[in-house]
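Shared chain: chain A. Partners: chain B in the first complex, chain C in the second.
Moving on to the complex of A and B:
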């Protein structure tokens, strides 16, 4: 049972309220740049909005969900109260204060650098300090997850760590090392320049440090959803987890292969040589392995549910699946978006095909489909699953939940498919407006309108999410059933020692990152000519 | 099915299916990597890659990127080279003339923020980072004018930073080009 209810609830509420705000901005952005509206009077307002949308969606929402879900997993999977609840609250408040500081700075137009903050453009130091506070708060969570696992292992020597906790701690370690790249960039390069201590900056080196974080952060975002795939979905639809070991393999492979691949974001950059670009492309191919394994294991787990309900033959089990169950719908939608997004990702990461779509609207389509689509949809389901435990309410209305995820799925497809299409036609991303009267751009105008409609459907879905969660009330006489995780199909299978701890995998993670990033970083840092004057933003 | 089999037998079947899939995954990854190697080596298709620095504080005063040297040149060895600068919020030159069906080498750098460009529906696509020279070679099969937007956020005027590329038939381009001169399609 959950002891730290207030703590987990606080994380989810701040996450979803910030999410709703960012969703409003996103829908406005889609509208203002579409042919439905006239050109925006002050483009800076658009970039201000994009900065806030990206900062909340990329840093605030997933960090709070991972933290809140992580604390819940620690109690529910290890079956003991969380150690360090006070520290957890301290971490939470650091995230909240950091978010508020960054939000005020962004809203006053002092930080319109977009959430990827590429120097030599520099925002007000308060923006970066806000982001740093968010990250420091999340590091407290990392430490607490490690401490809680250690304490459990001491009390249960030799026992296999529950899969949910294993994935949770893998995600925590992954994030600790992932966030280091941007942390170095901000603390060593950006903040001294933003504070006025230095007036030049190495833009190429900053991009390399950021790429260390920029790709691996995706796997930090994805961890809660993958934990839900393995440890909640099979139980929620009445199936069994096909293989516990494969789940562990997937989690440790993410740990090993997430970091040494970030330079695939820099294929078109002049500051990294061909050799390291190729090595990172190959490693990126490797990181698709855990996802391909997960797809197999989860589909097989779902198949078990279909067969237990009497499904026969090659495809008969599909018909007998519990299609009216919200979790069944959610995992289906999530996998469809994961499929399209993953296929797009393989195009992005391939050494050559990237040239066709680099920095076009395709890329925006890709990460919305895979993160905002496949991953965030599962964040909703995690909240719906935990809500009765957190608030003591009866299970949420299946009709409302189904409406919400249907709208999210349909909205996300309508938003992102036109983006993929025009990306192939060369439409650049991050533009406050387009000249749709130009004969080359006029034929693409309809796609921007369609995407805007998708944006509004997503906003409706977000409002429904918050409404559903907010109106879930404690009713007299409601008895909340204890939370359970999925059972495996073959519980007798033993867990290999290497897959019950992280030593080997963390060592490989650090080693591979140093091999793949060490030389480019040292080489760039020693290039004196590469230091260029900074450009402060919002100094007017 | 599993109900009729003893547990260890059904488990063996499950493990075998899993192992088969692992092999398929391995094969998919191997094919992808092989494709990258073959296209890279066989067609010399590579992302723009050479770590070449340039001092932004002096690039407008001396060297390759002074104003009179920007535009399209036919080098003494016959190569067609386009030199351009990206700056907030325009390209210099704003209109680039290139011959069709000819290898064209682009050399670009930035004077202030990070920029980038993509040329119409082609694969000509690069980041332009201040302090570095981006170099890549491509060829254009379709004649006519294409748009060349800046595709990296570079500040408040980013949305207005669009250049143009005119792809001329090879003969027409060669007739216009004079040795030692720099060609562009900017209206005088």
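Moving on to the complex of A and C:
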């Protein structure tokens, strides 16, 4: 039973409307730099658009989905009304106001610094203030998730925390610690320079702080989808979750290993020592472990569904799976994209192999496959699952949902596979135009056209998503079945006490961060030569 | 009570997790800081501790005792944001008096009738930097080097304040349409030439980059050729030398003619 319906619905609607806007920008970007169009006359417009697309897709959409889904999980899994609904609304409005402030600043051309806002490029202070408001709003969510879990634990001493809530709170703690790096960067280094109080900035230190946030943020984006893999997918396709404990192990491993690995984004940065780069590469390899555990567990859970439906033999269960069920399609598409994206990611994290693809279009292809593909596809499924609970509508049309996820999957593959290819050939990312008349570039021109077609397919899918959700009407006399999470295959299994709380894992997360980031931060902070003059964007 | 249900060190989950994390971390650090550097002679030449410091990124002198190579500096001027501020009325007045020395070539109101550059409306930090470079011998010109020799820093700031407040030699404003020469509009990506409008106004106006519109064509072409040959080299990061290096004579003509074009009749 959902009490905070309006709250959750507001989060999802703002997230998806912003998403649709950013999707239009993304498709336009792909078109304008493809051979289908002439060179853009003002490349600044392209970078303005990239900044807005990235800011919405990386900060606004996943934050709102994680928050909204988190509030829903808290009520549905703990079976208690949410504590602190007013605070939750305050957090929501902070995110909305922050988004609006950042959007106006970006639209007026005062913040074309791209969403990674690497110094010494500096935007108007309003852009950073907007981003800070979004983050502060999400910190209220972090606190509320911790408070709700604590209240439930008090009333149910010794009981295992429901897996969905366990993953949810792991995601919240992960985000709290992860967002600290960019928060320090913005408050201590960027805002003073952007406000004109200083005219130099420690660019090396700023990049190190941003890397603190930049990689782990990916696992914050990923948490809602992994929660859906474990606690919704097996139920939706008529199976059982193979192992509840494995889910908990995956969540706590993300907590420990997703944080202290961000320096693999700085492999080409001279200010960080080679030793630390190697250590971060090793730790990045470790973070593939929870994903591999998840793939194993979810495939095993799906196999249970196939066998319950009469599948026999080594692969016979594949045939009996409910392939007409949208969730079955979604998890399949998501895993295919996760597979390609994950394989590419192992190349990115390798200190040596990274040299070939660093800052090329390959990287854009990689994170579109993993995030925009595997993860965002599950955001859609979460919305479709929750919609009857939120609006009282009948379950959404399976045909529309299938069309939408098919388009998203096909569009994303068409968009990102050519990027991988030309990335290997050396095409740099973040370019407003390419000189396709040049004999060395001309043979690659077709790939950009293909990606643009993928971009338009994705736009069509996004429009279909919003249409499906907006036209889901409340039908007279519809009784909405209560929401349930997956049942496990071994309901009587004992949950180890270490996997029912977060103390140990949060301590390990903080300790490992200090070991892996402590020295580079202290060294760069005390290095006078690391300060460089700021370059304000659009100042004259 | 079973060990699995306790908290703290007695619980095997706690013990094993922490021990494994320590083993992993220590192993990764040993590999990254000791083992891998040991097979690179430039890391290991000065012993284990030096190679650990090197792997940690401690700044060090890499010249191994050889005399450090002193690179030629392009300019001694550090562009400070305060140079771009509007001058006081007194500064403008003093600057106007000093500017009487400049009228022979740069025109009575800073609008040149010869091939000397226009100064009216020029950004103050541009005038400050160029005069300081002439004075310090970083930019060559028999006339300007001699004239700048007797100017104090305050004189230079006053001159900059005076010229900055005069109206700009504006031509039709640069709008982004297909008629602009390609180099002005989009540069030449494969030759690493950035578009002119991304620094000299149009898309962005970078601090220290001069206002070019309405400048005499002969002056612009001469400067681009001087940058191309390396004869002029007071651009701090060689940004203009790198742009001009691969430009053809025809392109220099084209770009110079574009920026020198005369303003049409004012319509507003």
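We adopt the following convention: the second predicted complex is superposed on the first by the 540 of 540 C-alpha atoms of A that agree within 3 Å, B and C clash if a C-alpha of one lies under 4 Å from a C-alpha of the other, contacts with A are read in each partner's own complex, and residues count from 1 in each chain.
Throughout what follows, a contact is a pair of C-beta atoms (placed from the backbone, for glycine too) under 8 Å apart; a residue touches a chain by one contact, two chains touch by 3 or more.
Note that the structure is a prediction, hence the values are computed from the model and not measured.
Undergrad: A:504 contacts which: chain B (first), chain C (second), both, neither?
TA: second
Undergrad: Output check: A:279 vs chain B and chain C. Expected answer is one of first, second, both, neither. What do you get?
TA: In the superposition, A:279 contacts chain C only.
Undergrad: Just chain B (first), just chain C (second), both, or neither: which does A:325 touch?
TA: Neither partner.
Undergrad: Going by the contact rule set out at the top, does A:391 touch chain B (first), chain C (second), both, or neither?
TA: In the superposition, A:391 contacts neither chain B nor chain C.
Undergrad: Between chain B (first) and chain C (second), which, if any, makes contact with A:512: first, second, both or neither?
TA: second
Undergrad: Applying the touch criterion given at the start, work out whether A:449 contacts chain B, chain C, both or neither, answering first, second, both or neither.
TA: neither
Undergrad: Which partner does A:267 reach: the first (chain B), the second (chain C), both, or neither?
TA: first
Undergrad: Does the superposition put A:496 against chain B (first), chain C (second), both, or neither?
TA: Once the two structures are laid over each other on A, A:496 reaches chain C alone.
Undergrad: May I ask you to decide whether A:431 touches chain B, chain C, both, or neither, giving the answer as first, second, both or neither?
TA: Both chain B and chain C are touched by A:431.
Undergrad: Which partner, chain B or chain C, is in contact with more residues of chain A?
TA: Higher number of touched chain A residues: B.
Undergrad: If I apply the document's touch criterion, which positions on chain A are contacted by chain B in one structure and by chain C in the other?
TA: After superposing on chain A, chain A residues 43-44, 271-274, 277-278, 282, 286, 431, 433-435, 438, 440-441, 523, 527, 529, 533, 535, 537 contact both chain B and chain C.
Undergrad: Would you pull the chain A residues touching chain B in the complex into a rising list?
TA: Of all residues in chain A, those touching chain B are 43-44, 46-47, 112, 114, 118, 120-121, 202-204, 207, 242-243, 246, 266-274, 277-278, 281-282, 285-286, 288-289, 292-293, 296-297, 300, 307, 346, 350-352, 354-356, 358-360, 424-426, 428-435, 438, 440-441, 489-490, 492-493, 523-524, 527, 529-533, 535, 537.
Undergrad: In their shared complex, at which residues does chain A touch chain C?
TA: 38-39, 41-44, 196, 199, 256, 271-279, 282-283, 286, 431, 433-435, 438, 440-441, 494, 496-499, 501, 503-504, 508, 512, 515, 519-520, 523, 527, 529, 533, 535, 537-540
Undergrad: Would you pull the chain C residues touching chain A in the complex into a rising list?
TA: It comes out as residues 4-7, 11, 13-14, 17-18, 21, 24-25, 28-29, 31-33, 36-37, 52, 54-59, 79-81, 176-178, 180, 185-186, 188-190, 195, 198, 201, 203-207.
Undergrad: Spell out the part of chain B that touches chain A in their complex, as residue ranges.
TA: Touch residues, chain B against chain A: 1-2, 7-8, 10-11, 14-15, 17-18, 21-22, 25-26, 28-29, 32-33, 35-36, 39-40, 45-57, 112-114, 116, 118-135, 146-147, 149-160, 162.
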